[in-house]
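Letters A, B, C, D, E, F, G, H, I and J mark the chains as written, and numbering starts fresh at 1 in each.
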Amino acid sequence: MLFHVRMDITLPYDLDPNRRAELVAAEKDRALELQKLGVWPHLWRVVGQYSNISVFDVPSNDELHAVLSSLPLWEFMRVEVTPLAQHPCDLAAQP
Amino acid sequence: MLFHVRMDITLPYDLDPNRRAELVAAEKDRALELQKLGVWPHLWRVVGQYSNISVFDVPSNDELHAVLSSLPLWEFMRVEVTPLAQHPCDLAAQP
Amino acid sequence: MLFHVRMDITLPYDLDPNRRAELVAAEKDRALELQKLGVWPHLWRVVGQYSNISVFDVPSNDELHAVLSSLPLWEFMRVEVTPLAQHPCDLAAQP
Amino acid sequence: MLFHVRMDITLPYDLDPNRRAELVAAEKDRALELQKLGVWPHLWRVVGQYSNISVFDVPSNDELHAVLSSLPLWEFMRVEVTPLAQHPCDLAAQP
Amino acid sequence: MLFHVRMDITLPYDLDPNRRAELVAAEKDRALELQKLGVWPHLWRVVGQYSNISVFDVPSNDELHAVLSSLPLWEFMRVEVTPLAQHPCDLAAQP
Amino acid sequence: MLFHVRMDITLPYDLDPNRRAELVAAEKDRALELQKLGVWPHLWRVVGQYSNISVFDVPSNDELHAVLSSLPLWEFMRVEVTPLAQHPCDLAAQP
Amino acid sequence: MLFHVRMDITLPYDLDPNRRAELVAAEKDRALELQKLGVWPHLWRVVGQYSNISVFDVPSNDELHAVLSSLPLWEFMRVEVTPLAQHPCDLAAQP
Amino acid sequence: MLFHVRMDITLPYDLDPNRRAELVAAEKDRALELQKLGVWPHLWRVVGQYSNISVFDVPSNDELHAVLSSLPLWEFMRVEVTPLAQHPCDLAAQP
Amino acid sequence: MLFHVRMDITLPYDLDPNRRAELVAAEKDRALELQKLGVWPHLWRVVGQYSNISVFDVPSNDELHAVLSSLPLWEFMRVEVTPLAQHPCDLAAQP
Amino acid sequence: MLFHVRMDITLPYDLDPNRRAELVAAEKDRALELQKLGVWPHLWRVVGQYSNISVFDVPSNDELHAVLSSLPLWEFMRVEVTPLAQHPCDLAAQP
């Protein structure tokens, strides 16, 4: 089941640089892990913003919340979730 | 080059039913054609809305506008375009 | 799987009264049917507005879109969907 | 009398961790207590956000404000209240 | 129980003048009636707008919706309801 | 002359508790004083928010600004002022 | 007593041209009359918009509403009123 | 003197096609004329929208309003004007 | 050339009181100076807000930016500029 | 390929003055360098705001993000990107 997710990150400018580096590295590790698992099939950078637009593939709403709230930068994100359905004009949906 | 596109369709409720059916059928044909050409790699329905979230893959801004304004429902759409870049945590971007 | 749905209805003031009555009656029939099926467990009127706040229980995003777009007043609704997860403070979630 | 309530929590990132843990634990205790009393019949997590959507059942506006402002996280919440009425299509409202 | 209500009226400019006059007269009659009943204790014009800010005194949310939706201009109103509670600094609330 | 005033209070969470208590007590004293003077005829709590909706009765705009900016919590308020006029459907305005 | 008023005019594009010309001419006559009376001391065009920003000088809120609702284009305006007070840095306010 | 101008065009879908074609052709003629005069140095299409982002070079605010309101599509535009100044980092502004 | 300017001031609540007093005094001096020079012909307080609505009279956009950014409170202001033109109904514009 | 970019800068008021001066100087150096390279053909100050409106000319979305995120003030900017296409009324686009 697919969900469109936009994440906007705001790190406090006076965050300890080591803490920041750790968080960003941990976020990358977790993102790669979730991609390898097939849970996070699309991840794009929004040009000009510390934001991403993503698509998640999860079996349930509960699973999606568990995944998102497991992200190391979770505390510094504004997240917006939009449920997606198959579009009747999707090539893959044609008989 | 990838662009995130959201389209919200509003058809006047008193539009002639034949005109409506023609427009919707033509839109579907054009959407399938653009998908086959690889220009419109992702097309999802937004749950609960007469809207889609899409990703387009085009060589330029001019090309994207030409494609979007060629859609049969163009006149009845509100379109929002967001340029996408490769994300540093994208699995495909890793060395 | 639960989804929070808000529907705001706008019927054109000059809609044919018979057409209006038919639509409203059909909407009611469909709403009752979906409640009996367990798909639409909560349905409340927003005080002072021609709107409702509802909770739907469906197995997937696709199913939710199919249900919503089957509503007789679908064409006259603005619908906003918010996916819900179990809350860690929910009494029913306690061990 | 039912009220739809949305709560968005924002805890300062540099809040003392002990203070934070105490607040969150106290909030959970109070939430469970209010659910047992029947005052807070529905409590859901908004997917991807440190927010909940709830329904409260209270005899009056004054009582609702007293309950909400008694929550341990009250100071860190943005709360939005929407009064609910019985919907004419509610199955339970049919004769 | 008090509720703050704001009503913004929009009458179509090409509404039949007789229909308009009837609606406005009926609205006035109903408003006076509800004031006499004590249900609508405050009614003010917003300067420069075809809007009012009002306070209603009703025993329940259901009653409030019944009253508002009984207004002759109901179909042409945008209504926003805000529940009110006694303020701790209200002179009438002092011991 | 009546004005509708909405005040939203935001006190910094790390404000010194004594300073906070002093400010809140001073605010209450001033609010009671202004009510006794007839300047602040209505004061209601917005349910679920650290906000009030009020009506002020003052001879002029200058007087209203002087009164509002004399409030001890002035520095921590967002204030929105809406001028009110007599409504033609007001019972008290009937001949 | 001064009030800042912004008026945004929207005339339906298919309004009868004679009706339009009459309305615009009547609006101008009324605007000139109110300026001569000293009620409308400032009237500026917002560049690029069918809008004006004005200052009115009236003895009361009721008078302001009476003046604004007497404008021939009243039905086609969105009006926003902001009460003004003397500024402590105003040269004319210095001792 | 430079001004940033964004124009969003909305033509009624049921506008007479001949009238539409005339308006669009006249708009193009006027736009070309103003560019030749040096008044409209930049004109870009916003991708995916019936909108443009432009820069105008005019001697005064009055002149800008005269130019904008002379456009054949003026009645169907929403226009937003932002005054521009030389930027201290502009290469052309360096000594 | 006239410009409508709205300034909203936000001083950090924990700003050093001496620094605050100096800034506010310097702002007043500069405001009086600019009024004497005829650059700032109108300056009004927005009732209930730490904001002003002003009209500036300057020969160019560059001059306006220079004037505004010279204000001692510049760093603490949100400024919104709207270019003004002579209104065709302005009494002073009549032949 | 052209992109419209608006940057709004917010520097914390208590940023170390030396750090601030360094950042602003480095930003200017980088801006001049990018202009010399032809990447940043237009750069204007928004009157009354610590903001600029710019046009970038880059071969791809990825390149644009790389350029923007290389700016020394990147961390303190809110950036909004709008893709531009050639306008059919652009003088340079005429045959």
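Definition applied: a contact is a pair of C-beta atoms (placed from the backbone, for glycine too) under 8 Å apart; a residue touches a chain by one contact, two chains touch by 3 or more.
A quick note: this is a predicted structure, and the numbers were derived from the prediction, not measured.
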Rotation angle (°) superposing Cα atoms of chain F on chain J, nearest 5: 145
Candidate from A-J, A-B or F-G with the same interface as B-C, over half of contact pairs in common: A-J
Farthest chain relative to chain A (centres taken as mean CA coordinates): G
Farthest chain (mean CA position) relative to chain E: J
Distance from the mean Cα position of chain I to that of chain F, given in whole angstrom: 27
In chain C, residues with contacts to at least two other chains: 2-3, 45, 47-48, 61, 64-65, 81-86
Complete list of chain pairs which touch one another: A-B, A-C, A-D, A-J, B-C, B-H, B-J, C-D, C-E, D-E, D-F, E-F, E-G, F-G, F-I, G-H, G-I, H-I, H-J, I-J
Contacting residues of chain H [partner chain I, same complex]: 1-3, 60-62, 64-66, 81-86
Residues on chain I engaged by chain G in the complex (per definition of touch): 2, 4, 27-28, 31-32, 35-36, 42-48, 52-53, 55, 82-91, 94
Interfacial residue positions of chain G with respect to chain H in the complex: 13-14, 45, 47-49
Contacting residues of chain I [partner chain J, same complex]: 3, 5, 12, 61, 64-65, 68, 75-76, 79-81
